[in-house]
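In the two complexes below, subunit A is the common chain; its partner is subunit B in one and subunit C in the other.
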Partner chain A sequence: MAEKLTPFHITILVYMTQSGIIIFTLPRQLAEYFGTNGWLFMVPCFVISSLNIYLISLVYHMGKGRSIFLILEQSISKVVLYPLYIGLSSVWLIFGCMIGKKYVLLFQMISFPTTNPMIFKLAIDLLALLLLTKGIYTISKATTVFFWVTIWMYLLLLGFIPNFQWVRLTPFIFKEGHDMVRGGLDIYTAFLGYELSLLYLPYMDHKKKSMRGVYAGNTILSVAYISFAFICFGFFSLGQLKKLLYPLLDLLAFIQLPFVERLENLLYGFFLFLILVTVVMYWWAAAESVQRILPRANISILCSILVGISFVVSYIPTTLDQVNTWIMYLSYAATGIAFGLPLLLVVLLLVQRKRRNSYA
Partner chain B sequence: MRKLSAVIVLMFLLSGCKSDERILERLGMVQTSSYDLSEDQRLKVTSSIPVVNPESVSRRELLVVEADSIKEARLQFSRKTELFLVSGQLRNVLFGLNLTKAGLGNYLDTLMRDPSVALGVRVSIVDGDAGALLSKDYKQHADTGQYVDHLLEKEGGRNSIPQITLYEFSRDYNDDGIDPIAPIIKETEDHVVIEGIACFEQDRYRMKIPAADGMIFALLRGSLNQGEVALNLGEDGGRKRIVMFSSLGSQHKLKVIRSENSRFKVKISASIQGSVLEYTGSLRLQNKADRQELEKEISAKLSSEGNQMIRNLQQHHVDSLGIGQYVRNSLSYREWKSTDWNKVYPSVEIEFHPKVIIKDYGKYN
Partner chain C sequence: MGRDQKTTPSLQHILQQFDQCADLSRRNFPEIRVDIVYFPHLVSSKLLTDEILEPFARPQGDKIEQLLEQSQFVFQADVKKVVVGILGGSVAIFHMDQVYMLDAYGPETRSLVQSETETIITGPHDSFVESASTNLSLIRRRIKSSHLKVIRCSVGEISKTDVYILYIKGIANLEYVEELQKRIQRIEIDAINEGAMLSQFIEDNPNSVFPQFLTTERPDAAESKLEGGKIITIIDNSPTAISAPASFFEFFSSPDDYYQRWALGTALRLLRYSALLITIIFTAMYVSITTYHYEMIPEALLRTLAESRTRVPFPPVYEALLMETMIELLREAGARLPTKIGQTIGIVGGIVIGQAAVQAGLTSNILIIAVASSAIASFVIPSYMMSASIRLVRFGLIILAGIWGNMGLSMGVALLIIHLSSLTSLGSSYLSPVAPMKGTDWKDVFIRAPFALLKTRPSQTRTPNTIRQKMRK
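== the complex of A and B ==
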């Protein structure tokens, strides 16, 4: 019997794919766009992402766990589908690549200011490639290990409670913000990653309640993000939070243990695991789509080519600002895919069901 | 073949960090920096770097330059020393009084921007010339920077002065309902002494609270779990009545009341518990009624000193207690925005109501 992803592994995979680079800037973005008590905005984000997962679960149940490619190919001609596949894989490939590049640029800023960032990028890409060629089951197992290596860091939040003051939260909701629509879109991208569960469908164990794993992953992420943002709003003052470009780095640098301080360089390394999984999963999704066009291609060669392309593309933006702009547009596209693709699939499945009924 | 390619890849990757190589012996890790305004309105920067070389007689290297900005000073330092200067181990920044009167905003900005400077760097004010204090060698202490650091850490832990780091200073500076504070120290002949607490209006120094009143300030500002205070309760038959109230813990509450003519009234209450370790008056502590009498006297004394301090802060337009935060939170957003807090603050009626309970009175009757 072929190996299947268990709900537990799906939970962790979804959570780890979702938690990414945005955590470095999230509290500041919430303060900047939404102002006072901006952390509350994470609650509607959680609800919307859960609704989106509900759409995905409809695809899973109506399609009886079939791969989304099979569903698409049953109703739409390949002439139309291939450009769509190329579009999907381009967005996912470059999105993953830019997330990696941003991590590298941040790492460079705090630790190696004059080293060529592309050397670090190459090291991360090689690591990602090694994982990518092993397939989804190995990725999910490695991810489980990475999960335990990183999840304890949320306990560090407890250390900030002595400096937390309710009075700094203020009773005002969403005052002193600006551009809330754009900000909302930007912040929502923090939740992206669950949409890739569309591609897990054929790998899920149909005897178990696998979709619950996706919900659970999204819930763990939401709880983690909400508690992190909440602590930040009571620890920093609003004006201060707006000025800190990377509040997470400041928090990490603030930690002092009796025997050691300035731990952030060490702790920053742990975030590599979170970023690595996000990058690998987006690349895996890209590879899955391309494989549909070239079913006979050797998977290792295909992955190497894709990673090679993304490495070359990552040369184009050189500053953090440029990378941020790329990530912004790509994340809009990825958000569009997250909602559009399952909607399209549900419509197709309805048409297919109707057709089947009329034949019967 | 696989192993060989792995080795080649590793060699290629590891060589990449050559330009950011740091060799400990060649690093000058700045531990304390001080900033003053020189006579020609330039910035005088003094940095103290611990020397790790066991053959060296001196335990630290001092660098002094005049420049137009903090980072320019660093470039000038670099020309003076064979060490590669880094600020990752910076523990303490001292600002001279002249500079604090002109405003610290820009310097704060530079320190906060540098990724190698952590939020936990201690901020202190020097009554006088900060560079002179840092440059001076104090007989009993090998390294002045470290001496000051330990002094502030110890006193801050006992709440007699606040523990202020870049985090607290920039937090309060960027909040619209509170003004920042910092400990203020002074150089004496053979010691560095804690003078008190410097109170700022925005980023400018305005007034000082003497160190002896530090505890009362702490009681006004928030809840405490340790501290001690000595109070002079007046004279009794020509003898001074001193009470030393120790191991005290305090629960702080602040209530904002709005009167009809939309003026604000603020009540700060503190429920204080502690032990009496010294008392030179005529009341007998083992006697319950006398003890209650003493509790009342201590409360009254704390109240009058606290209220006087509040008036003083209001006169100087410094909201170091963060009254504005509570007033803000008692209003609607529109009301708060239409309130010019800096103008309103001096006329707000603020009362301090301490309630003292003597937990125990030592082991002697």
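== the complex of A and C ==
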């Protein structure tokens, strides 16, 4: 029996791909760019990402669940498409790689300042490769377990409610911010990951309402981000939030149990599961694109080569600042892909439909 | 005389086959020109007396032909089958030029006793023994239904061990039955000695540290698996039955859970999952915290921990590995030795580990607590196979925690999850019902909900008959 991705697994995959490294800095970025009640900016982000998912669902319905590669290849010559595939896979591959590198550098900063971060990077890449070569169904199964292992952490937010003060939210909206357009773009990247659902289309169970899974995943993420940002704005003052480099770590460090404290050391490890899924999904998307160019290539060898390339590339940026710059530009490109690719596909599908009607 | 000459070649041939088999018995009834050949230790002496010795001892002329026409005597012309039959506990009866077989299989077997590996507090105490027919009877007497089907196969070029595949027609998925049968028939080996050994030949991933089929010695467990839509495999000469397909979470339930009140059953299940966590990460956490993350210890506890470690000259990872190895040595020694000496080992080990190692400055007190808790927790897991696998995995996590602290621990857990996700049992997900997610099954996996709520069979079995209970209240 051929396995299919059920709406539930799509929900989990989308949510887990979306939740990534940005959560460490999100409240600070919101405070910096949007000032007071910056958390409210997450609401328009949610609406925009939902509209983007609507575009993807149009591709799904108009293309009747066909793979996006089939839709593209039906209308555009391979000479044009191959560079596009290479472009897509490059962005996705290096984006995934930089997310991994940022996580490693953060971890190195917290716990192992003297160790070469590339050793950690190698270990994480090998883990990701192991999962990558197992295929999308095993990835989805592992992701479901990772989801249950990590989702409980949002319950920790309840522990901050006694220290939450409404007065810290202030009655003002978006005051003391700056550069909101750039900030908006930067923060929107926190929602990226849903665009990979374009590639799930052939693996979805067409008998079920699979696209709802994508909406649900995005909604879970939005609720999680909004509640997290909201708690942060009521827990820290605006000035404090602007100064904290990684507010999430400070928030976690606040938790004290009778037998253990400074929980951020332990909980940071749990974020590995979220990062791993994000990295694996972007690499999986990259591998899917390259496979269209090399359909006969052995998938394990192909994945190993891609991961090898990304590992070499990850040597280039050495500091957190450099990695942040790479991530910023790559996330702009990924946002462009998130909107541009489904738009292109919808146009192609309209043309194909028109052509079919004129032949009939 | 002529008749004797006719039967002799066939008899000679069989005797030649069993040349130098001193345990073969041959008896002769010259008055009725009958020879019988059998292994006395394989046949039931009562059956032999009632069916052969007594009737054949009173010669009644040519009535012997009429006697041999009775249905229990099966005519056999194939010499190979005669040999196999004798080896399988039949009595070969040579009369004139013809051979008849009487199935008189009934060797001495161990009596039904309580299982030592799967003990329970309430519920039936009988367990499987080494005789497949006894084991089959233990199941048949529990499931009085003609839908309980049994497929017989033979495995082992030399041992020719009988293997029985049991399933309930209409409940079990026949695709799984066919797949299992195919896998068993594909085995090419000289002998299979045990059920757990057979399961390694038919598992989806034989190289994994985790068992992919559940093994049980309890007939009530086998019965409930059958009724849940699973397939049971029984092997002759083994008290271990195999249940397939299996899920990772199935190894954490015990028949006891259903015999106790649901609240207690639920508490026990939750306790076992906590035990899993403790077994896997407790010692590794100790290593991680005392090596890299001292800041995680609250001030009040820090002094005690620091004092306890002041005399220990090794890094925590060596200290932990030393103690874990010691515990494993004790466990293995306790398992191999007779019960009385085993107790001595326990006491000696307890003193060595509990006191002497700390006083000698080899380990810290707190590590002893961590190692002991994690060892005790591992024994809470009802399946010995799973418990042993998890104990082995723990060593890997301790080493990773020793190298990279909490990050190493996280990497180890991630690796474990990735590995478990890639495993399948008879082609179905090993992590069912978590991945793929089947929320309705959770109430009989993580908790033991009241019977009124346990209405469906596990989804992993892909059973055509999902409803197992229709009671409203």
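The criterion applied here is as follows: the second predicted complex is superposed on the first by the 359 of 360 C-alpha atoms of A that agree within 3 Å, B and C clash if a C-alpha of one lies under 4 Å from a C-alpha of the other, contacts with A are read in each partner's own complex, and residues count from 1 in each chain.
Here is the rule we go by: a contact is a pair of C-beta atoms (placed from the backbone, for glycine too) under 8 Å apart; a residue touches a chain by one contact, two chains touch by 3 or more.
These numbers come from a predicted model, not from an experiment.
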| item | value |
| --- | --- |
| First (subunit B), second (subunit C), both or neither touched by A:G239 | first |
| Touched partner set for A:S111, first subunit B, second subunit C, both or neither | both |
| Partner chain(s) touched by A:R292 [first = subunit B, second = subunit C, both, neither] | neither |
| Which superposed partner A:K102 touches (first subunit B, second subunit C, both, neither) | neither |
| Contacts of A:V260 with subunit B and subunit C, given as first, second, both or neither | second |
| Which superposed partner A:F146 touches (first subunit B, second subunit C, both, neither) | second |
| Touched partner set for A:L122, first subunit B, second subunit C, both or neither | first |
| First, second, both or neither for A:T170, with subunit B first and subunit C second | first |
| Subunit C-contacting residues of subunit A that also contact subunit B | 111-112, 120, 123, 256, 261-262 |
| Complex interface listing, subunit C residues touching subunit A | 292-293, 295-298, 301, 404-407, 409-411, 413-415, 417-418, 420-422, 429, 431, 434-437 |
| In the complex, subunit A residues that touch subunit B | 36, 109-116, 119-120, 122-123, 126, 163, 167-168, 170-172, 175, 236-240, 242-244, 249-250, 253-254, 256, 261-262, 264 |
| In the complex, subunit B residues that touch subunit A | 9, 13, 16-17, 19-20, 88-89, 112, 115-116, 118-120, 167, 170-176, 178, 322, 325-326, 328-329, 333, 336 |
| In the complex with subunit C, residue positions of subunit A that touch it | 6, 8-9, 12, 107, 111-112, 120, 123-124, 127, 130-131, 134, 138, 140-146, 148-149, 256-263, 265-266, 268-270, 272-273, 276 |
